[in-house]
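You will see subunit A twice below: alongside subunit B first, and alongside subunit C after that.
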Partner chain A sequence: MAPVLAFAESRGTALRKAALEAVAAARSIAGADPVHALLVGPPGIAAVAPELGRAGASTVFVCEHAGFTQSNPEAASALAADRARSGGYRAVVFVSTAQGRDLAPRVAARLGAPLATDVTSLVVTGDEIIATHPVYSGKAIATLVVTGAPAVLAVRPSSFAPEQTTHTATVETIAPIGDPSASRVVVTELRTGGGARLDVAEAPIVVSGGRGLKDAANFAIVEDLAAAFGNAAVGASRAVVDAGWRDHGEQVGQTGKTVSPSLYIAVGISGMIQHLAGMRTARTIVAINRDKEAPIFKVADYGIVGDLFEIVPALAAAVREARRTG
Partner chain B sequence: MTPAMLVFVVLLVLAAGFFSYNSQRLVRYLRIGRPDDRTTQIPVRLRNLVTIGIGQSKILRDPLAGVMHALVFWGFLVLTAGTVEILIQGVAPGFTYDGILGPLYPAYVVSQEAFALFVLAAVSWLVYRRLVIRPKRLRGDKLEQWDALLILGMIAVLMVTLFVTNASAAIADPASVAPARVLSRGLSHLAAGLSPETAAVVQSVSWWIHVVLVLVFLNYLPYSKHLHVISSLPNVFLSNTSGPGTIGAMRPMDLEAEGVEVFGASDVEHLSWKSLLDGYSCTECGRCTAACPANLTGKLLSPRKIVINVRERLLERAPVLVGTSFDGVVEPAGDLVHAEATQEPEARLLDGFITEEELWACTSCRACVTECPVSIDQLDVINELRRNLVLMESRFPAEVQPAFQSLERNGTPWAFNAADRGEWAAGMGIPTVAELAAAGRQPTVLFWVGCMGSFDLRARKITVAFAQIMQAAGIEFAILGQEEQCNGDPARRMGNEYLYQMLAKATIAQLDGYGVRTVVTICPHCFHQMGNEYPQLGGHYEVIHHSVYIERLLAEGRIPLAESGDGPRSIAYHDSCYLGRYNDVYDAPRETLRRVLPIVQLAEPARNRSRGLCCGAGGGRMWMEETVGTRINVERTGELLATGADAIAAACPFCMTMLSDGVKAHESSVPVLDIAEVVAGRLAPRR
Partner chain C sequence: MKIAVCIKRVPDTETRIAIAANRTAIVETGVKFILNPYDEFAVEAALQLKQAHGGDVMVVSLGPDTIQETLRVALAMGADRAVQLKTDGAPFDTLSVASALAAELTTYAPDLVLLGKMAIDDYNHAMGPALAELLGMPCVSAISKLTVADGRLTAEREVEGGVEVVTAPLPAVLTADKGLNKPRLPTLPGIMAAKKKPMEVRPAALGVARVVVRSLEPPPERPAGRIIGEGAAAVPELIRLLQTEAKVL
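After this line comes the complex of A and B, so read on.
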């Protein structure tokens, strides 16, 4: 087998969680072969290379250029394709984030290589990589047999848990292909919806609040619970978005975002069809509601009937305690 | 022939000629519209003409303004006979109907005078209303206001000159005025000092003013909203909004028709000619807009504006297509497409006059159509424009995409798994149609559950309650279970006719395959769609809404009720649009409540029955965001809570979800119950 290349996603000079997931996914198919990581970014990005080493990459190829200050799919994909070609890799792994969904097809096209996206599991059998990915809104799982090398794979966010090792990676600096600043696609502005918050559609844990919170200010306890997890995003029901308590970007449901986190906590949400349509596929659903007849309990794995103003802060404290001792 | 007579005849010919020219021009404009057969079922049309037209039944929905208008209208009918008499006098001085009517003549004279007085009184009140009361619905721009006042002024002067002519004639030549003209004769006593010569001059001047004004009035009509004076009776006759045909059914659409290049309508020539006639018939009274839930809660949509826009655009567009002069050649329909391609995108009805935002604000509640005194179909235009947006340009609110996608993939507007459809029935011993068919049997009725009833966890309780009622009544029914899928109605309401027909045809094939005849459903939308619109695609079933079905079973004594039960003492029933205005079901749910609740007091919200306010979910609004203005469901729930009732009753799962949400928004704890739940709550315990 040949080595596997993981594309390390970054924003500015910071590494994204997806970078570590890409390395983890790459390791899952590399077997005994080495995993290399490709890190592109503005000057200073090299500082995060050791993190990739700890995640399991043996070599980190770093390309620093001012042209990578903002997302630069054209230059980044050119570089990734070049690296993949010269390194004789078995596969190039991305994560199906906004960035990964942009890059992976470009790289596959440049290489004339097979592409599998939104992959939830990877198995290697001989020369074949067997990838699964959900189709039809998650109602069916398609199994793809990817032949030929390199294979371009984009794994679904949160599908591969990053590892923590004590490895140290060799860092190699590489030059960009052409001038990244001369890219035909120029990002002129980046507008963020909710500051540095996690996007509700991508977060592995979502804590959502509904009308049961009674007032916009009471969302503080939901935010606190999300903060306690560290990797949780705040979501909202349509009712509270309509009431102007929360931004539409946080709305979970038919007319908002469809989420599928590993843990979904519904706080004071009754669970009308429009909301269920957006979160029903979460792996574990916890509902907190005063009304034991609330429909949300029918889809919940764990239900807590009671006063959310007591339960949510207690839960936040318990989560913090567990993380501290855990 | 005296010179005066000559002048009169010339005036008459000119006026008649000009009027005839304009009338023909306007009729020619209608020919740019799409064909639409409105000559079917003449008896029903005549009935509408008599009740809605002559009888003014829809105008009288607003009692005060209605009576005033009816007086003017009936006055015109009566006085037109008098006007003809007066016009004949222009060429044959001294002519009266005396010789024709004989002994009836005095009665005719009295009716003339009486109605002239009524009209004068009504016109005075109408002017007062426009200037002093100023109801919101009548507030238009300055031009509209002047147009209205000008017409009212003309009518007033016509009535005054009628009296003055006759009164002065009574002084000039008492023998020429019938003794029965009591009012004119009485009026003449007030001017008793006038010499017969002066009176003759006054009579002549007044007669000329009257006659000239009649001719001016006639020719002003085609340029004014008062064209309705001429077009509204034909419009009522040709309208389908109160039948014939199925009320509220959307226009059939042949997606495979040869040569059709435009689906739906982006401009006036794609609308039915009847929609164009609607434009001529609108009096801009604003009753539609005043009843519109979207408008009421601050959205841009105004059904009145939609109709006025159709007229405005027609008057701009039609001359280009058919010319204004008589020698203009009517272009064949094929050229219309060409004309479309060459015009600016803004220069058309869609976008240029009516915006996307207005169209998507519609809940299809049919309040506008129900209110229109002259049977205009505003909803038809909205639906056709929506179809064009979706089918031709793929333009619809972004949040509708998941609904369309789920309908296509999962056969339900929400991303739910078809396998979970029958989940609610677990352990209830309800067979599926397939199971019965395998045993060589057929159910008496098919219980069509619908997507809300299958997947919405609140609505599932309604489903279970209704199933329990049918079981208690010993009805042999079955469900389709996993085989059921959306019947297509949401897609159709949102303009996606293609997706609708795909789902509807599949459902019809399935139902026909099982030989289903009778269908009961808890969803008014499914009920309307399958009962009223499926015949367009060849699906013919007896479809019964559960409120009617339950009421029938109760009336037959087939539902075993417990001796006494508790429950709310007063209950406010909310009318579902698709049950009420679309299907005229108002009494069955109310009667059911009376039967099953101990001492029930039915509290009626201010808007009820055919005036009931929509919950806000119809027309696909269930799958759209409501970001402009206040929320319709909160408004409606406020009206229901204002009754002070212990509970709110609904008969539609969509209304249920909207009202439940509204109750929470009002921070109230009043329960919202479905009719079936109320009945199931009183079922006798099983022995």
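After this line comes the complex of A and C, so read on.
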């Protein structure tokens, strides 16, 4: 075996959770061999390198440049491919986030390396890496055989749990390839819409609303339930996104996002096959629906039948009370 | 403006999937196939750009003869020409397919290459950026807004918790997300016209496949659902279960 390289995703000078998941995935296939992390960002990003060490990276290669103030896919992929070439790695690991999905194929193409994306488990057997990858939106699971080194792998968010060790990483400063400020693709702005809104694909708890809410304005009770948990994102069914009630970024299902939160609460969602495909890997599913025959109840660990306009506010109040006393 | 759109034939989203006896493919009999929904956004974007700037829209797909039906859908929407890169089956390996597409597109020399951000069957989200690297073009993936003027593009792409505004020079590769536009439906005259539009068939120059599907399995079953009660009266029991059984609260 050979070392494994994890790409440490960051935004501004902050590390993303995906960075720690990439290290965890890399550790799962590294065996006794070291895991290295690649961290690129604006001046100051090196301050987060110790977090990657505690997650299990033995060496963190850090590239600081003002050209990485915003996401810079061309310069980041050039650097990742160069590091992969010079380090003799078995694999280069990304997470299938908006950034990871953009970078991993570029790096694979630059290296002429095999690429597996949205991977949910990894096993090394001899010269092959065996990866599982949901296809048909989770209606089937493909087992992929990836031959050749380095393999470029992008693991699905929340599939590899970050570890906390007492390791301390060696930090090595590296130079960018070319001038990151001269990239053809330039991110001129990142609009975050005020505050730290949790993304439906990343949140540990997702509260989703569907047609049963009857009107876009009624999503206020879904938002309030999400707010009651404090760490929940709001999701939506395709029907209400197509109706223009909610943004596509919140859509869960085959033509939206696939989510694996600890808790998924489906409010007024019947549970069409294309919706179930996007959330069936949630650890716990709660369904609230008027129709006791709704397909969502077939996958719900806990179902409540009845009027969501009565149940959801009561649940929000009970969650606030539980969090206050708990 | 010359625009190439790479498209894929996929099973409809509402289709139930049955795994074939060889366990590496699905049973196609009785399955409704559609133009990949994200590729529809890409075709629509190409047609809107042609309407605004003039030019030519070529659609390309890779696969057996069954994909000609999907290419005709894009022609019926308004694309000018189609190319089938013929293969026996539907290869899974992204880079193998990307090299065949890149070879075809190099000949066409487009100003813009459009694709869906992913195909809803293989779920790879990878073809656009891989193809861009092979073509040496800049790439913006998963865009939900696009303007093109004076040889440059400005696009918006959704990222976790925000939206990036991105610019790049042409020629470029773009992948389409939902929200980019509302795809037109083929009209009857469009369907008739599509029958007379050129469809070229060439063998696909696939690269070496180093990622292969060994097997397909159904997803692990969830335990059967359980209804714990009716109305707001069931809320205290739900809270108790979330705290003591699921341990998520």
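We take it that the second predicted complex is superposed on the first by the 214 of 326 C-alpha atoms of A that agree within 3 Å, B and C clash if a C-alpha of one lies under 4 Å from a C-alpha of the other, contacts with A are read in each partner's own complex, and residues count from 1 in each chain.
We adopt the following convention: a contact is a pair of C-beta atoms (placed from the backbone, for glycine too) under 8 Å apart; a residue touches a chain by one contact, two chains touch by 3 or more.
This is a predicted model, so every value here is computed, not measured.
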If you stack the two complexes on chain A, which partner ends up touching A:Lys298: first (subunit B), second (subunit C), both, or neither? both
For A:Gln254, is the partner it touches subunit B (first), subunit C (second), both, or none of the two (neither)? both
One more residue to check, A:Ile273. First (subunit B), second (subunit C), both or neither? both
Quick one: classify A:Glu163 as touching subunit B (first), subunit C (second), both or neither. neither
Of the partners subunit B and subunit C, which touch A:Asp33 in the superposed model: first, second, both, neither? neither
Examine A:Tyr136 and indicate which partner it touches, taking first as subunit B and second as subunit C; both and neither are also allowed. both
In the superposed model, does subunit B or subunit C contact more residues of subunit A? C
Touching A:Arg211 in the superposition: subunit B (first), subunit C (second), both, neither? first
One more residue to check, A:Ala239. First (subunit B), second (subunit C), both or neither? first
Which residues of subunit A are in contact with subunit B in one complex and with subunit C in the other? 136-137, 139, 248, 254-256, 272-274, 280, 296, 298-299
In the complex, the residues of subunit A that touch subunit B are 136-137, 139, 211, 238-239, 242-243, 248, 254-256, 258, 270-274, 276-277, 280, 295-296, 298-299
Subunit A to subunit C touching residues, read off their complex: 16, 70-71, 73-74, 77, 96-99, 101-106, 108-110, 112-118, 130, 133-148, 184-193, 196-199, 201-202, 205, 229, 241, 247-249, 251, 254-256, 262-263, 272-274, 280-281, 283-287, 292, 296-307, 310-311, 314-315, 318-319, 322-323, 326
In the complex with subunit A, residue positions of subunit B that touch it: 399, 402-403, 405-406, 409-410, 413-417, 452, 455-459, 622-627, 631, 657, 660-661, 664-665
In the complex formed with subunit A, which residues of subunit C make contact? 11, 13-14, 16-17, 19, 26, 37-38, 92-95, 98, 120-134, 138-142, 144, 157-169, 177-179, 210-219, 222-232, 234-236, 238-239, 241-243, 246, 248-249
